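One chain, chain A, appears in both complexes that follow, with chain B as partner in the first and chain C in the second.
Right, the complex of A and B next:
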């Protein structure tokens, strides 16, 4: 079912955990709330579940205002960060617990529990207590418990954060598959941008209780709404350079970063001029910094000399930390690129990929 | 290498030795009077209070115990004590669990100040409230009744405090999960909190039972009818009854002790766990 946050705010004493938060989640959508720790993601989820009362605003599920309803009448299921399994009950009872309150015949409950257990490959541990399970198994039990309820929406609070890297990657894929199969609305909270990018139909980026941007993963990556989103999304992070905007002859424009002037495309130059900004922050993604020798200078927005500080090899690519005129930045080069720490090389920034931000408020041009 | 570590292990053992010696000595000091009570309760009266004392009953006189049972209506007193202690224990555990649940899982204004106000009643000595309590019981016409013996003890701040501290250590998410699963407060208390608090509940039950069983002043005040008297009062009357035969009095004391001993042994497993932190892993 569709879910809507309507100008929701939440204060805890002096802390504004959520500020005028509005978000529409479509029926069947996989929506990710993404942001650093403490930005209000969990608070938003708990308000949606009915575990927390908003200070202001309303929550609707399937078009109905549920702001004043207790959790059990909202018909949502939640997967908690540390799973919150009942430690004294068997896996079977943990999964069946929520069904027993719903006057469902025992045989029906049994069938549902076993079906879910089979789907999540935990059928062989149904008799065990949660304490005797691995982290991955506990996580599946928590998922099964949510699944059997056939809720109107799944709420998940960093469900993968307690798993090791490999299991996390594997479970990510399984969650995507599960969602495709169930087609139920998911509101998924994480601080991990890889989870957000890979799983979300759309991502809502939060910072300090405020919604920064909502959009599809690609849109968030390629057209971040502001400096915060630009810096938060992408690993390694974007590099930023600040300088005055200077017009050039022939209608062009240059961001005059000392020793590293960036030539703008005509369209971008026109837009920057139109916005009337005196200074600009230029953002460059690591994959858009390349070795100048591989690159025609006329496709470059800037070329510069840099010292190679550290080369990190990931097997399929290199993350290269550069220092140019005292400024640090990171380039992402293909594996086998001829670079070594301690060398000085010439680099180029590819044209057409510069992002321009207004320095004070951080809003992006365009 | 192995030689060295063996030497170190021996040294460590030596280091433990003084501690164990101290523990053994303390145990002996604590146990000795109890041991001598048992020994003397089995001695014939002639051997009683001789010097040097006998540390072993060479000819145990079991009839001392029969005398203790018959010289006063001991079975009746025992039954009264058992009823009183059981009712008080059940009542105290139930009310403490409910109150502790409210103070740890429910949200209401002034929760913490109210809890501390509640706690502060623990600082008021029982002796201060004994007169008003007695007058209340008298006005209710509850003298010489089981209500009179038990009702004033059915709810205690101590029990609430003990359970609340334990409930606070349970993960909050369990309550959230139960809320979403559709469980109300009472069902959550019964199907999640209680099973997870067995050790704490058992600890409270044992303490409550021991305290009730050992009560003296209150049963003395509110009962006159010999049919309503409890075992501790029985021991006192045994003392005046058997001035000549202190060994019979000691036998009566041991009899009064047995139910508690049985209880502590039965619940030992829980008591040790109740006092150990982190009893709830997994």
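Right, the complex of A and C next:
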């Protein structure tokens, strides 16, 4: 079912956990709330579940205002970060709990529980207590418990954060598969951009209680709405350079970063002129910094000399920390690129990939 | 790690390590050990010893009499009566005190402004001595000037001379004891409540549980170790009660409140029958021990420890 946050705000004393938050989640959509710790993601989810009352605004589920309904009348299922399994109940009873609360007939409960347990490969631990399970198994029990309810929406609060890296990657794929199978609306909270990018149909990026941008993963990555999103999304992070905007002959424009002038495309130059900005912040993704020798100068927005500080090899690619004129930046190069720490090399920034931001408010041009 | 590798690293055998740790722990344990030895272990051993000996009224001139006194105790109808009274007394005190403590703890567990005041009030009886509360209750239960009869009279309920009625004396003493134990029960249960993660309640609420289901499926199982503890201690308190009996009824009327400890006291200090009193005390010790073991046996099956 569709879910809507309608100008929701939440204060805890002096803390503004959520400010005028408006978000529409379509029926069947996998929506990810992404942001750094403390940005209000959990608060938003708890308000949706009915565990927290908003200070202002309304929440609707399937078109119905549920702001004043208690959790049990909202028909949503929640997967908690620490799973919140009932420690004294067997896995079976944990999964069955929500169904029993809803007075579903016994035989139907049994069938549903076993079905879910089979889907999540926990059929062999149904008799155990949660204390006797591994982290991954507990996580599945929490998922199964949510799944059997056939709720209007799944709410998940960093459900993978307690798993080790390998299990996390596995479970991510399983969650995607599970969602495809169930087609239930999901609101998924995480601070992990990989989870957000791989799982979300759309991502809502939050910072300090404020919604920064909503969009498909690609859109967020390629056209971040502002400096915060640009810096937060992508690993390694974008590099930023600030300088005055200067017009050149022939209608072009240059961002005159000292020792590192960036030539703008004609369209971008026109837009920048139109916006009337005096100074500009240029954002460059690591994959758009390349070795100059591999690259035709005329495809470059800038070329520069840099010292190679650290080379991190990930096997399939290199993350290379550079220092140029006292400024640090990171390049992502293919494995086997001829670079070594301590060397000085010439690098180029690929044309057509520059992102321009207004320095004060951080809004992106275009 | 195998013993070989440890030997190779000169860590010493596990046994040597255990000895070293014990030696290191000894100075820290010593003060408690001394206190226990003087006030618990020695009297216990001495009581068992005296149980096998007849003595003069000052506990001297011990004469070995074997198990005769234990036999007397176990076959005496007076002792059986005291045992029954103690059992009833435990029943009348433990269940109400635990239930009321649970109720008050649940009431004052919520996060409300000023709730600390109520927590303090509910727990306050723990800071009141048995003697003081007994004297207060003695006044309140007084048939002619006591507040209880006054209130009952106003309500049109027949009044009673509580402490001198063979029917009502034990319930009346039990009631005062419940009052004394409520504070302890409330404090311990409040502490138990704090140990139940808030997330479990939230999860249950999202899963469709109402207040009653939350209580039944989250609170009660989460509190089971605490409730067991409170009731075990309550039973032990009940079997060891003395002060309130001494002040309120002196075991009367017609032995209606002659609980085991009071009967031991009478045997030892009114009848100067030290050996017999010791034998009773040892039997009481064994009974309390068995009850405790029984309750922990029950616990293994029903109580959930996280």
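As a working rule, the second predicted complex is superposed on the first by the 366 of 366 C-alpha atoms of A that agree within 3 Å, B and C clash if a C-alpha of one lies under 4 Å from a C-alpha of the other, contacts with A are read in each partner's own complex, and residues count from 1 in each chain.
Assume a contact is a pair of C-beta atoms (placed from the backbone, for glycine too) under 8 Å apart; a residue touches a chain by one contact, two chains touch by 3 or more.
Since this is a predicted model, take the numbers as computed values, not measurements.
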item	value
Combined model on chain A where chain B meets chain C, clash or fit	clash
Chain B versus chain C as contact partner of A:179, first or second or both or neither	neither
Which superposed partner A:10 touches (first chain B, second chain C, both, neither)	neither
Touched partner set for A:288, first chain B, second chain C, both or neither	neither
Which of chain B and chain C A:101 touches, first, second, both or neither	both
Partner chain in contact with A:130 - chain B first, chain C second, else both or neither	first
Which of chain B and chain C A:78 touches, first, second, both or neither	both
Touching both chain C and chain B, counted on chain A across the two superposed complexes	49-51, 70-72, 76-78, 80, 82, 84, 86-88, 97-98, 101-102, 131, 145
Of all residues in chain C, those that touch chain A in their complex	197, 199-200, 202-210, 213, 217-218, 221-222, 224, 304, 306
Residues of chain A that touch chain C when the two form their complex	49-51, 70-72, 74, 76-78, 80, 82, 84, 86-89, 97-98, 101-102, 131, 145, 149
Residue ranges of chain B in contact with chain A within the complex	171, 173-174, 176-177, 179-183, 187, 192, 195-196, 280-282
Chain B-touching residues of chain A, taken from the complex the two chains share	46, 49-51, 70-72, 76-78, 80, 82, 84-88, 97-98, 101-102, 129-132, 145
